[in-house]
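Look at the two complexes coming up: chain A is in both, with chain B in one and chain C in the other.
Up next is the complex of A and B:
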């Protein structure tokens, strides 16, 4: 039983970590609580579905095109809806939720509510200590690691990364130092949406695609971001694994309460906020905070 | 040349004109567009953005088109056209939306009758609306609370009839009959004397009684419970549950998945090659698209529905084929609205009026051949009045299994009948075209390896 929790926990944790990365990035830099983040994840899924399943385009080109289209959409919706109100957190919150619901209803109208299949990169499974895990799950974990390393390198080794971190630390000073703050915000938004697209590309063959898929993902993303410490990428990735292990433990140890796995994630988030309002790694990884 | 100026020709003229006039008016009446006739409005309510709602609409529409094409409903010599009114209950997401949709049908659209509905909790709420408004509703959902209410407070709830799904006791008996069939197969082919059964159930009202029924029936079959998993109807991923079920050593998965997560189940059960047979309700299983949606991973999956392409009645196969031609899909449970429209037509014609109490009285006397069996309702005084009669010749349900890309009927097989109401009548029932049930080959390989057989 313990091996079941460990292996499934690692698998789910990898998936949730990919999802959480982009959200933490945009919040850490732009201080934007963009609740439409997982809606882009849903949109990317449907674009891949249309291209790969309906039109028969090969999977890799479908994913690339879908990510590009989603980034463009993310950029446009940021410029049109969020850029002007980014100083007002509550307004950003409300507008981003409204945007997510708008996208949801639009896709419900076009595609209906039934679940849609996206072909996996590879079929089949591997059995480890008696636990069966699909190859697609392993790909998700692998891409999570590559993405995390890539984002880390971007932030620590590139000019853009320095600019992003500077803006995150102090926007006014960064502006005075000649950094184009608005351009950094847009680029951060684009990177964030691209990360949502990458998450979708590896996760949707596992989960399937439907217009309400953004809701549960948003809960996970928020819980991981808060639990890890808002703005701490490393913290939120670790928190994603903590939440994943919690969910898998619920399913394995309390099978009759399997439907409560999402509620448990939120419960963990509430408990942490009460005990440590800054999040689990809010202080430890202060130097890592963007 | 005919002259019109003498008496003989005047009579001829009168006769000719009369004949012409009669012919023209007769032709005009016969070709009269039905829309100028009186209407009977039937509301079709369901989650229309989902396949369930689509099936409810398609079933009702095919029936309405047939009836209108044949001249409509004749009430005391007056032709009436059936007009369907579509209402999206959104019940998989919101009970409030379902109640609002029902209220709109009644107060704004002013329908005479309603059919449809699917999820237990919203249908229970909608039942209150039709009870307040005294509108006949032939509904769905599997919870027996719906007809237990009719028994407890007949005068208030008598307007509800169920002819889409069976109640949970009845369909549980179908599932346990499928399990009985699989238990025998597992014993004979795999040499396992006491198979273990895992329950994977949606967290909905209709599933509450199932584990309890299992605790009573499974030991009698020589099987035991491996565990009970309750999941959300909207779950995106069931791989954790499925791997936990595998770890529990289950040989059979009793599943009841009424929402979109049903497709996820089929896909992941097949992808992970979980070494357990399936028996239960999978909302998506009987759809033609299910094979493609799961990329063939649903092969060997077993479930039940209330119709299969087999001679349940003389109407079944013609309806099945017509439904497939017109919609591109197999009919599933929810296309029972087809029969519902017909029994409403018959009840109205017998009553000779659209007046609710009179039609209700006739509806209670329904005894007609439908597409799934003979349709009749349990009477007042029964513990489930207005539930459709279950048993041989009536509603039996069918067990279906995907085999090599085709959806085959594997039950009733004439032998395996467990629990339920009036189940003894099912012994010997086996429809023409029923094939043998097959265990998944990977399951056979896995357990033969373990048992050394």
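Up next is the complex of A and C:
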């Protein structure tokens, strides 16, 4: 039982962490609450499905192409819809909801409401302490770890990372220092969409692809991002693992717990927020506190 | 007696006939009430009844978000909680009159509104929006968990109807809609001389700290607006349950919460009539597309595209845009005039300054 929770918790935690990372990156840098974010996750899944299952392309190239197409789509939708209204927070929120609904309906129209399966990278499983772990799960954990580490390196070591962090701290001063803020915004957007695509590529062989799959993952992403403190990247990764372990534990231990999947993680989020309104690692400026 | 009638006519002319926006509202209400005389097509009446229910629902969201600035992303909580309360009451007590069930549902929604308002005392901005988003998800989790009681995915069915005929249902629901919308509009009217709520809520929205510094108990008024909004959301949910005669988990879905927001934004946020307009334009448009073979499939795609275009090019909403076209405010006495006038109808001051 414990082993099952740990293995599943690690897989879910890794995926949620990669997803949440992209979301809180965009929020931290551009202050955009992009609720269409998990819709890109769904889109990437469908492109992989079309390329790999229908057209019969090999899995690895189709994943790479899918992530590139999704990034392009993310960039276009940012340029067309979000960039013009990025000063108005509520408008961004609502327009991204409308975008997500648009994508969902388009994919429902094209593919219908069926659950689609994507072939795994490798088949087979390993038995650890009595729990069957497929190789796909190992690959998922591995890719998630590599992604998390490389994003960490990108932010802390490269010039682009410095620029992103500078813009996140103070947009105007960063602009005065000669950083092209608009370009940083777009690049951040692309990185975040790519992270959603990577998360999708590792989990879609484990879960199924469905036009409505963005709703549940959106709930988790929001819960993790808020729990960790909006905009805090380290916080959101830790929060993603906390939520994943709680969720898996409830689903495994409580009878009928699978109905409570969303409810539990959101409950954890609310309790933490009531105790600590800025989230686990969030920063609140003194004058904002009421 | 004649004096009294003359006075009534005078007030009517002063308050309604001379203000173009209110004339439009009056004509709209009369048309809504006359609709069953024009068409007796059951499907049309059904769609218009739903529009009326959703108008109350969207307006109640506007009351909370547009006026107090607490952007509630989980407004379906109030609607769904009330609908489930009404459903459970109606199934277990067959002789319960609908008005009682709907009031009980609304009280339940108010209680939940106060509960949902509690985090609002500590959280602001995005945090509040995301926490409110989570409430309906949690509630629907519990509804699916206790499926013996709530019917699970299928939901509750066999709820007693409001009345025996569709036409009477139509009139009851539309009269409730007109009454609730007028009450909400009056409650939030910042220029009202009798009710201070509107101006206080506007103050909280504009600058919470300044409002606090001016001696307004922001906590009390935020909770109050959560309760009022919950009440009207609950009324809408209750009559929805009685009209649909079934309640399923779909009333708690995230997209349903978002729909209230999208309707309101289309009409114009921060004006109760905006959300009513939004529902009657967008909901009816999407529903009547059903009759067209291609429209049936692409109606939600169109819905989303229309929303995006409106948000990009007319973010203040239709109502505000139209109002600027047909109304002009007197600079001296702040009375609203028809845009074609050159002098204020009340004080005679010129409405536009010649340069």
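Of note:
Keep in mind that, in the parts below, the second predicted complex is superposed on the first by the 282 of 290 C-alpha atoms of A that agree within 3 Å, B and C clash if a C-alpha of one lies under 4 Å from a C-alpha of the other, contacts with A are read in each partner's own complex, and residues count from 1 in each chain.
Here is the rule we use: a contact is a pair of C-beta atoms (placed from the backbone, for glycine too) under 8 Å apart; a residue touches a chain by one contact, two chains touch by 3 or more.
Everything numeric here is computed off the predicted structure, so don't read it as measured data.
Within the superposed three-chain model, A:267 lies in touch with chain C and out of touch with chain B [touch as defined at top].
When the two complexes are overlaid on their common chain A, residue A:142 makes contact with neither chain B nor chain C. By the touch criterion stated above, A:101 is placed in contact with chain C alone, chain B being left untouched. Contacts of A:223 after superposition: chain C is touched, whereas chain B is not reached. When the two structures are aligned on the shared chain, A:61 is found in touch with neither chain B nor chain C.
Of the two partner chains placed around the shared chain by superposition, chain B and chain C are both touched by A:259.
Overlap of the chain B and chain C interfaces on chain A: residues 109, 256, 259, 262. Those residues of chain A lying in contact with chain C across their complex are 33, 81, 84-85, 88-91, 93-95, 97-99, 101-102, 105-106, 109, 215, 218-219, 222-223, 225-226, 230, 256, 259-264, 266-267, 269-270, 273-274, 277-279, 288, 290.
Across the complex, chain B is touched by residues 1, 4, 8, 11-12, 108-109, 112-117, 119, 123, 125, 130-134, 137, 206-208, 210, 212-213, 216, 247-248, 251-252, 255-259, 262 of chain A. Every residue of chain C that touches chain A in the complex is listed here, in rising order: 71, 73, 118-119, 122-127, 129-131, 133-134, 137-138, 141-142, 144-145, 208-209, 212, 218, 254-255, 258, 261-262, 265, 297-298, 300-301, 303-305, 307-308, 311-312, 315.
The residues of chain B lying in touch with chain A in their complex are 47, 49-51, 54, 92-93, 203, 227-232, 234-237, 239-241, 243-244, 246-247, 260-261, 263-264, 267-268, 271-274, 284, 292-295.
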